[in-house]
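Look at the two complexes coming up: chain A is in both, with chain B in one and chain C in the other.
What follows is the complex of A and B.
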């Protein structure tokens, strides 16, 4: 039966298009039989026009005013028939008051992008100099929602069983040494799937893949003469669209399919996908910034404004998204639901998540509606929700981020404490005991469990692992900010020389320190995250804030893989070790007692003497033993594991805890031994001749398994 | 109207000759033609693409549609595609339902 409400009722003024009133939901552009449904919200606009362009053309081909009768409440909605939806770009003219003190900054001469745009044109090719005279820089397009997922679905791997690999889409394969067909793209990541599988990671966390403007704040470096760009992408043009410049098919506008294909392929290979999402600010900057979308559509709704109508800056980037305004809250929910449902994404990492807990005046809230909505959302119910639990406005909420039992956090304290312990600082054994156990000091009080902690030593912010053992100080001169940018609290140690050196002793120590770091990370309770490239000792030459470096500084150098094969093998084997032993992957915190009758508590602490850790200020020695019979709260039987960490500059004997008669300690890893004796594959651990004591070398980590 | 394709069906093999552009403007027409094949017993669905210069999202979707509707059991081929067309298909990853060949070889 043919429906009559899908037939046109109006015609545009120029006679070219037939129209009818649309459906207010969903927002954005939706293909309906015969046409496209456009819907946009604005509370304060007095009128709205839909502007259409033929793709890439300078001037619009037409502009269709929304008739009065096409407005429902605060939503303008219209179906336009007979559109060549593959070849048009659309935008809006919005008219309304320009009264900044009241929060309104309407400008009817600006063409505004749809906040719900699912495909955005204008930066189709990364780095291609835009036409700055273009009156509509970031152009909304219409996309096909369909995609043959076959039987694909999110993997729902328990968070404690993940090994997260943080990567930048472009930086991962852009370097010529990567050997891929389309460097720096989503398609290229597919080519590297066999590599990821070999390494053993089962989750890739991609730095922002939403549409952003790489030319934002672009300038020439006064030091290197190179063009500095917005390379990392922590700046949002459109929340619903994948970045065209990251797609091999970007020039054809097929980035949506390319990303979906990537997710499907990763899932087929057992690898989850987590997206880094940036809901704390947009690319429009403050009152001096450009009109891309939100400012001209409904400034007062989208931004946290001062009483005078200026922009609060809790993000450090010019403006702050008004996340707890109900409209914006719904937009964020719609956005995440879209990525979860349409792209089968497994989870999200929220940049500067503390901003999501600020109210419409900027004050931190005790029970932020947005975070609560996210925690209980039905569609996001199985998604990982990872918070970077701080912001640039003074909020630091590691351990106190409003969680409702669902959120997990980037544990910044883990990073700092592990780095200090690693470099041999005094007074760290107490803190390390907390970090190795999944930080109960931070997460136990709300019953959040060890799995609430995402443990990491490195991330895109800060030094790479190689640089953390090669530099005492940051070297960000190439960023052109006089080395004033980037963190000063690196807790790094250069092992005796600043930067590159031929000294074999320094290099050997650096290699050992990197192995120490990753060994401790992978035997800690909680979810480990590693930075892409660390496994091959990738360097940024001491730049700890390479956000603007679209060049060899931040591109992973794949030729290092062969040079540093020893390190890659260590990473691979320690990851395999973690995955083979559930005793390392508890969901909940240890009870520090024996509740299965094995004769050993679930976790016990040791030092140079068994059963006696030295917690004093000058102690740099710590060991722990996990009782295998307590694995996964006693539900699974695993081997017992013993880890000795000697961060002192001298060798020390560690008395080993006694095992029951039929079990013997075997060595899994000893970072003091030369490769390939530094670590043994699962199942091929070497039985110790001396079952009573192990001589742990200076600055070394030893892992033993009871068999 | 000059259709940029022809559809020919004989003895269980459907041949679709593509040329010029296949995009949102003419894809629906091709889709209508292909719909006529639904229900017929087709074992091989062959897209001849040596004269196809450009294929868009919409064009690819018609090919997928044809494969899905005309027969899960039918074998779909893309013959003689130009480099530009092949790379789009491979980069977007929408090629998993096709056997790609230079000249037709029955599978």
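What follows is the complex of A and C.
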């Protein structure tokens, strides 16, 4: 049917373009029959012009003022007909008051990017030095949204069954050893899918892939002389556009299709995609920062401002996005819905999520409307919502993040307690019992279940696994901040020598400690997360904050895979063990009793003597048994599992709990044994000769299976 | 733009001599779509196509979908390495069979028809 409203009613002043009043929703640029619908919000702007460029050209090809009658409420909206929309870039001039004390910073000379831009040019090739004289650095483009998904659908894997693999798009394959066609790109991740499958992870969590400027605050390291960049990308230019410089096809402007193809292919292989999203601040910095978009479109709406009009800095990055302003809240919601519906992503990890719960004055709220909206949103209804439950303004909400039964958390306490236990600190046995059970001390009071806890030992922030067992102190000199950046609370232990060594004893112990760590992680209730590269002992040479290092420090060195094959095999098998045994993947917390009549409680605690865990201050021994008949709340029958952890420097005998007749303990893993006897493949576990006691080596973990 | 049509033993070979982008895509689509009849056998020779943009790839995909809907058979040939690479990374290649030469493509289409 032909629409009668698809005829132009106006002509641009220069006579070049035919126009019509647009639709205010959706915001952004939308291809409509015959043209493009532009729509942008500003409450305080007095006028607005659409600026058009031919792709890559220095100067605009035209500028079209929105006629007064094209403003609906606080929205400027217009259809421009007959645009060659593949070859144009667009922005806005906005006029309005410059009254910083009132929160307004309009500057009609700046070309502003559309906050809803779905493709952003300007940094198409990673690392290509920008032309700083360019009057429009980050250029909104028009997006084809007709990707053919065929039958693809988000996987909706229960969160407790996930094994998350955290990776940086560029760092994952940029190293020359990665052996891919287009290193450091989305396309290259696709090439590594067989590797991910072999490892056994079923979810990849990508560090920020929204458009950012790798040249933001770029500088030369006084120590190494290398260029330091905004490499991690925790600083958004635009929330709706994928990072062009991460796409092999970025120079052709086809990053949208490349990302969607990656997601589709990962899904085909049973791997979910979670995006690390950064809604706490933008790349515009404080009052000295550049005009990219938000500041010039409606500063007062988008940022939390002090009473005299400066920027609050709860993010540690210069400004704070005004997340609980209704306009910004809707933008965040639109953004996440767009990624969920148009990109089929399976979930989101929210960076410094506690900021999302602050009100417009910066005070923490009891029931933050944004977090509630996300929890109950229909389109996000099956998406994983993972909070980094703290911010740089001192709010720490692990265990108390407003959840509405939907939010799960990065469990920072898990990381810290496990590290302390691993290095042999006294007094950790009680805390470990909590962490191994999915931290009921943190999450049970609200009935959130073990699945509320995303367990991790390492993440992009902090040491890699290898560095955690190789360094007592951070070594961030290359960052050029006098080693003052990065966390000092690493709870790491170098095993006797700071840094790289040829000492075989130290190296053996490090290898064992890495296996101990991942073994404990994979037998813990909750959702495990692994940092990419840890499975091959990737090192950052002690740098625990590699946010600016676009070089060998942060790129995964794939040659380590051969060198540390033993560790990779251990990772692979312990992951397969977890996936084979639902008793390790409970959604709810244990009840500490037998509710299926098996004769054993769901979880029982042991030590050197069975049924008698030593909870005293000096104890470094702990064992537990999971009753297989209680797997998934008794809905599934599994084998029983026994895990003995000896974090003492001497060998200790562990008396084993007796099994019912016809069942015997079999060894799954013993980190004290040399590879390949350190871990056995699923189904090939070795029956124990001595069913009554196991001698657990110094600083070792033993896993047994009853069958 | 020019689209040459050659009938090779019942297989239609379309030779495109232009860049396929936002400017030419609508016209290409308009010209090609009516040719896609039931059980058609079609080869698109892109050997003289230096550049195919996002909009151009979408026309090719549209053709592929239409041919499939008509229970026909489509093959591409003469696709440059660069375009092949772009098609791989953006998922378009999943929808096409590509051959190095026109005869190979014609042969493949005929076999299926």
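Rule of thumb we're sticking to: the second predicted complex is superposed on the first by the 706 of 707 C-alpha atoms of A that agree within 3 Å, B and C clash if a C-alpha of one lies under 4 Å from a C-alpha of the other, contacts with A are read in each partner's own complex, and residues count from 1 in each chain.
Basically, a contact is a pair of C-beta atoms (placed from the backbone, for glycine too) under 8 Å apart; a residue touches a chain by one contact, two chains touch by 3 or more.
Quick caveat, the model's predicted, so the values are computed rather than measured.
**Student:** Putting chain B and chain C onto chain A via the overlay, clash or fit?
**Tutor:** Aligned through their shared chain, the two binders clash on chain A.
**Student:** Now for A:416: first (chain B), second (chain C), both, or neither, which partner does it touch?
**Tutor:** neither
**Student:** Report for A:253: first if it touches chain B alone, second if chain C alone, otherwise both or neither.
**Tutor:** After superposing on A, A:253 lies in contact with both chain B and chain C.
**Student:** After superposition on the shared chain, which partner residues are touched by A:84: those of chain B (first), chain C (second), both, or neither?
**Tutor:** both
**Student:** Should A:182 be classified as contacting the first partner (chain B), the second (chain C), both, or neither?
**Tutor:** Both partners, chain B and chain C.
**Student:** Who does A:473 touch here: chain B (first), chain C (second), both, or neither?
**Tutor:** neither
**Student:** Could you list which residues of chain A make contact with chain B in one structure and with chain C in the other?
**Tutor:** Of chain A, residues 84-87, 144, 146, 148, 182, 185, 187, 190, 247-249, 252-254, 257-258, 260-261, 264-265 contact chain B in one complex and chain C in the other.
**Student:** Give every residue of chain B touching chain A within the complex, in rising order.
**Tutor:** Residues of chain B touching chain A: 23-25, 56-58, 60-61, 64, 68, 87-88, 90-94, 97.
**Student:** Within the complex, which stretch of chain A touches chain C?
**Tutor:** The touching residues are 84-87, 144, 146-148, 181-182, 185-187, 190, 247-249, 252-254, 257-258, 260-261, 264-265.
**Student:** What residues of chain A sit close enough to touch chain B in their complex?
**Tutor:** It comes out as residues 84-87, 144, 146, 148, 182, 185, 187, 190, 247-249, 252-254, 257-258, 260-262, 264-265.
**Student:** Which stretch or stretches of chain C touch chain A in the complex?
**Tutor:** Within the complex, chain C touches chain A at residues 21-23, 53-55, 58, 61, 65, 85-86, 88-92, 95.
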